[in-house]
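Next up, some structures in structure tokens.
Shared between the two complexes below is chain A, which pairs with chain B and chain C, respectively.
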Partner chain A sequence: MTTMMERSASAPGHSAKRKPLIERLNIVTALALGTVSAVVVWQLALKFMPDNADTAFFFNREDKISLLSLIAWFIGFMVGIGALIGPFRWLLGKDLNHDENMFYAGKDQGIKRYFRYTTDHKVVGIQYLVVTIIIFFVGGVLAMLIRTNLGHAQGGWIQPQTYNAIVGWHGIIMIVATIIMITGPFGNFVMPIMIGARDMAFPRLNALSFWLIVAAIPPVFISFFTGGITTGWSAYNPLASQAGLGMNGYIAFICIFALSTMVAGANITTTVIRMRAKGMTWNRTPIFIYGVVASVALALPAFPVFFLSQIMSGLDRAFATSFYNTTGGGSGWLYENLFWIMGHPEVYVILIPAVAALMEMAPVFTRAPLFSFNIAVMGIGGICGLSILVWAHHMYISGWAPLLSAPFMITTELISIPTGMLFLVLIGTIWRGNLWMTMPLMSIFALLWNFMIGGITGIYLSDVPADAFLHGSMYVTAHFHYTLMGAGLTGALASLVFWFPKMTGRMFDKKLSWVAFWLVQIGFNVAFMGMFLVGLAGQPRRVESYAAMFSRGNLITTIGAYTIMAGMLVLLHGVIISWRSGIKAPMNPWQSKTLEWTVPNPVPLENFDVLPIVTGDPYHYGKAQS
Partner chain B sequence: MTDIQTPQSAKWWKKTDVKRVFLLWIILTAVIGYVGSEVQARSMGAPASEVMASVISLIRIFTWAAAPVAALVAALAITALMEKRHYGDNPPPDALHQVHTSPRVNGLWMAASTVLCLFALIVGLIVLQKDSASLLDAKAMNVNVTGQQWVWNFDYVESNGVRSADLYLPVNKPVVFHVSSKDVKHSFWVVQMGIKIDANPGYVTETAVTPNKIGVFDVRCAELCGLLHAYMQTKVHVVSQADYETWLKSTAVTQGAIS
Partner chain C sequence: MNKRFFAALGTVILGAAVIAGIGTYVASAKNDSRVLAATAAGTMDTPQGNLPHYTLDISVYPDAMFGGHGTGGGHPDWVSYGPVTNFTVPAHSAITITVANYDGGETLNNDFFGKIRGTIGGTATLNGETISSVAPDHVGHTFTVHGIAGEQSELFFSVPMKAVAEEDMPEEGYTKTPNVTVFTVITGDEGEYVWNCEYPCGDGTIAKFGNAMSSMGYMSGHFNVVKA
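Here is the complex of A and B:
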């Protein structure tokens, strides 16, 4: 059945010497088969689905049809990309042979391997990088639309419906982009080399996790044109059950993305636990690896809950169940709980690898040992542990459980202790180092600044009486941009410049990296300082117009946002020209001591001829004391 | 790389460093604490209730408590940045120390952050306790607040049948709000009084406040509730007891036919 479908979609039919199926599937067949299945199911459902508009909610039938079409798209796409070939062949008892596995790994395929179900972790890393950049670009354009609309009071030139859809769309795709921005490109490309492995533990799952993300993106794009995600990225019910068909795109997107995260989480965790080089004990494992594992391991319990919450949301919409519908015995509070049980660990899923990446760079660019490795590990572990116990601080004022406010306030504020440890490690490493003035080094200072502001405002927000005033205001928006963007994205951009030579074989243009850095950091601080002020003055979040008293703060924010955009465009320009015609990078341009810099450029398939044996930690910089 | 021993500067701390960091720390603490707390407090405007006044003082206290931490990190970072910079495409020589850890610094850091964390917790819990106690005030008047897309309605429980779209409250009288929603989730925010509680369909949530200032203040919806969320706002008129009675009577008369 599977192969039949693949054949019908991809084979022109007249070719005499047919290439084997495995070689004919790529992104084109995937898009084609996905689209065809979606359209076919959509038309069939339109024709044969009974019209029950009299007996159920208004959108019921349309919801069923659109959800079915999205599921069909998903299955069609995954079949079309070749995700099922492996399992299918195994079912037939004809498992893939060596040549086929080599083909899967992208051997001798040049550029084509980036458009296929390729299992080589380096290909997957590059694929993730490009997709992350594209998502950031779209999300950035949306952010600029939001800021332009809010440039002056009452000047909303975007209709409220469209505005809400833009806010929701910006929110959810930026969240996804920040979740994958480090563990995707660098976790996949760099991590296996860094631990001295030839590939991931499950290379096919690696390809699966990437192509699931690609499969997830079209539903969220289509949703914009079918009513949009008008609920903000949190998609609270019952507002979400009231929203248009665009909500189904959100549901499909989240479910597929959650699958991807679970697959990647299992894969990366297993790889790091089982496949570190000989001699790489936990004490000799680079701190970046801890960050990546902490991030994906934290996603492992979090994202199934997200998945489930959206399945229930979809059932409420399509089958009029009442998980979240109060009149039917459900509760919107159930959704809020499920959402934030995912949502709070999720912000640390974003943050931890960014901080860990900068910790990895700190010794390299200060030529000094990493200060207190053990404290760094403890800090990461402490954040992970506490972060699953803090979700209800998003619900202090929901009225759900006033008596739980105090306990959740305690767990939330306790997080400041392990977070402080991460600060200590960075400061201790920089202290009395020989600072090598590069964009990644300055990013450490930027992170200290931004994350300090994000962290302190987080303590205000964790305090219940203060939150009763600040919750739902622009203050919250500014706060989480300081943590996710000011800290998270700063770490990701530094990682890009740092690992660019290994990933592309070329150095990132130095001048452009500096220009981009300063534009982004200055613009960022201008933008979100302004946002703090309007939040304190009482401007709610997610509004498309505001009282005249907020004009000045919003104008400041908009100016800052345009500066960020300029910086990000410079950076994008830098990526493109450096990748195409940058200076050829030596094997180890930063003179770093981690393993990924011991392999040549471009990194050969399977990375190492002879697997390395590790005899010490990678941070033995500095001259010995007498 | 060969290890050339440089006994003279192998120390991690120098006396001049300590002095410079200390000085910077004091200055920055003062600047961050003052600017941070003043700018934030001014943005929040004049409070119209005890609750809001305590929110503002909480923000002040937290900012002053956080200032030394931020200032210390900033002082260390600035000093480090001022000391040894190296430009160029090749890495600088190795740093002149090999300090991998320092139990004393770690211990001190953790002790300090634990103390600050406990301080924030205790201050917060005290204020929280005070706010929750006001819900039990027996002399309080009661107002039922109903949110619906995209308006607020207020029913005055003690004055049967009186309903308004603008909220009227007598000054210095405790009031308990019983908040609910007809459709989706809203959030009832009386901005200058510093209170907020979600309006959930099917449930009644409660919050309380005692307005202590005559004037007109803002009610805004703080939870995205659909198309016209941005416009779901109204005014609170805090008036003297006498004016309130007059308003009640006139409203009761005009609404007589309806209720």
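Here is the complex of A and C:
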């Protein structure tokens, strides 16, 4: 068969061997075009950008140049990866034909499809998985540098400014990694199959959301070498306005990442609403789907606000506007509000899919129905509803709105109720179940323990008088690590082991999964219990050195951190060797009842030969045939 | 089993080595690695007895167009101490520091730093005259070493540098008549300290605490006390 691509390759003006453009673009061309664009714009700006006027409030010429260069990088990268081919062809009235769409889907391309703008949701899921692992590795290295420096009261191993930059860098990339760690790999690979769809509603947007994240990473890496993110991950203004050029990398990173999140949110939400299999009513939709949709639905209104906050920050830096500059009529409180309007829902963007994934696994490994599906859905809905009304509990001490402290305290404490519902569902499912002791099941116990500590310690921070004492201390750092890492990451690691057979066709090495689990969980609790101790004793966070009285607690934390490191490296080793040479996985190794386990390994390009019709709920373990 | 165990162990060791390598690189990366060591100058009678005596001669300029920063520096228009900003001085010694201030100034945010603290006698000499403070609206910069509570010896001293009068600041180059401040401090045990200027001089940033004030190598640096 002569395809359209073959015809276009032999069209006049093309050499006979020349591949069509769509086949020539990949990550190499993207990196090359992005780099060339950035360097060209940088050099042109250096040459032609006028000097600052004497009255310029900020050192804005350098900011203009670096922001323009980062924008050029972004545009060049997206052009180089092929993201604009589809829209451009559509504008010309020559939308992609079937063969080209099949090429975009990665058909018959082997490993090359993972380095291209591939639209197949399974490829995107694997791409997300690998990128998430890489980001976690970098963030983990930074965490170890922090903990090594804090292993001794005087610090001093790393310069204070470099230390600040490491803390900021660690913070922001770990937040991003935890945001994408479930919805990225598993939401993309598993979710469409789980609802009985052939792909996402907007496959090109799916590829776009992934490659936007890849485009966002270099700016934040470069920022480290141009002054760093010395403000902590929150980048409060006006601190950020007067920080070095590294902040421009942060701004570019957040803006591009926010675009990715918005695109992914619209795509996933549409897919679940419109493309569920026939018969998959909302009561028969797996709870993991609820978790993923809740996560992206929360992100949809939250991340545009984050995006806007950074645009304004960039304008303050580059054009001497005064959104956040008090002396020019702006307000630092404006930034704090915008940031936390994103920042607190974002906690649940991370947590909900992790808990939902474990709720998905609980029936599988207990061979019991999910305890009260309706309570689980109500719990997720309740958290979503309340989570957009709690942001100012981060600002009690800022003096922004003292009269609103009490209402925000109440909404924050109320969120314990829907969170408790999720605990109830997990415990109720495990209760008297036939426990199949796997790493994912143990992760449920770990989550219950860690999230209980994270939740209870969070209640004290939501309480205005207690927060006045604890705010800005290591106690806060320990608390949010207990929630985001102790609960969120635990759910993600369990998801990795659980869905690994479907994603790779291989079983995850069982022993390595256990070794990694115990090292990480023991190390985690040692590390952050130690951090609670020094936080309660008054050690401030984000400091490079500290008083000798905090030495013991910090040493304990550092020892715990090294234990986590060992566990995570064992897990990484497990991923590599299991993926490469693990035991071949059967189609449904866990005897689960959701749809993703009804398709063979490797999963066919369009998932199902015939779209399934759902006739029952996915959790009827131990019940009479429904 | 053994093979698998050693493979996993190898990954852990390799990962630890990567972290150690990156950490070593990061730890060794200095904004300004040049160090000025105090010069021996015999002994000196102090309230703590006769101690070895050393001197340090430094300056503070309205821009960074001198010495190692020079025109090729990252921020030639930033105010800066010089010729370098990292100093080593011997432990248990009297250190006489001479600072020639070529820069102007306005008003301190915090009057606390207008007073001389932590020097022998709580005084210094300014252009040859003994003083114990500089009026807060005449301070150009300060040289302040902050000790923190910890295992190393406490070390704290803060000396204000009188600003060069507006009418004495030339349009081009530096004034020919800098304000010279001389003071002596006594060091304790070995330790690593950070010094900085407490006069907000990061022009072009909010509250003037940005750029030169928040970057090592300009208005802050290291003050390390080493074994004599």
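One rule holds for everything that comes next: the second predicted complex is superposed on the first by the 602 of 626 C-alpha atoms of A that agree within 3 Å, B and C clash if a C-alpha of one lies under 4 Å from a C-alpha of the other, contacts with A are read in each partner's own complex, and residues count from 1 in each chain.
Keep this in mind: a contact is a pair of C-beta atoms (placed from the backbone, for glycine too) under 8 Å apart; a residue touches a chain by one contact, two chains touch by 3 or more.
All values reported here derive from a predicted model rather than from experimental measurement.
Of the two partner chains placed by superposition, only chain B is touched by A:Leu533; chain C is not. More residues of chain A lie in contact with B than with the other chain of the pair chain B and chain C. By the touch criterion defined above, A:Ser545 lies against chain B and chain C together after alignment on the C-alpha atoms of chain A. By the touch criterion defined above, A:Ser372 lies against chain B but remains apart from chain C after alignment on the C-alpha atoms of chain A.
Look at A:Leu572: by the touch rule set out above, it reaches chain C but stays clear of chain B.
Contacts of A:Gln242 after superposition: both chain B and chain C are touched.
In the superposition on chain A, contact of A:Gln310 is made with neither chain B nor chain C. By the touch criterion defined above, A:Asn601 reaches neither chain B nor chain C.
When the two complexes are overlaid on their common chain A, residue A:Glu413 makes contact with chain B while staying clear of chain C. Legend: residue contacts after superposition of the two complexes on their common chain; A:Ile456 is shown touching chain B, with no touch to chain C. Comparing the two complexes, residues 160-161, 230, 238, 242, 326-327, 545-547 of chain A contact chain B in one case and chain C in the other. Chain contact summary for the complex, chain A toward chain C: residues 56-59, 141, 144-145, 148, 153-154, 156-162, 166, 227, 230, 238, 241-244, 325-327, 509, 511-512, 515, 545-548, 565-566, 569-570, 572-574, 576-577. Chain contact summary for the complex, chain B toward chain A: residues 3-7, 10, 12, 17, 39-40, 43-45, 51-52, 54-55, 58-59, 62-63, 66, 69-70, 73-74, 76-77, 80-81, 83-87, 89-102, 105-106, 109-110, 113-114, 116-117, 120-121, 123-125, 127-128, 131-132, 179, 183-185, 187, 189, 191-192, 194-198, 200-203, 205-207, 218, 220-231. Chain A contributes residues 160-161, 164, 167, 230-232, 236, 238-239, 242, 326-327, 331-333, 364, 366-375, 397-399, 402, 405-406, 409-410, 413-414, 416-417, 420-421, 423-424, 427-428, 430-437, 445, 448-449, 452, 456, 459-460, 463-466, 468-469, 471-473, 510, 532-534, 536-538, 540-547, 590-591, 619-626 to its touches with chain B in the complex. Here chain C touches chain A in the complex through residues 4, 7-8, 11-12, 14-16, 18-19, 22-23, 26-27, 29-31, 148-152, 191-192, 194, 202, 204-207, 209-211, 214-216, going by the rule given at the top.
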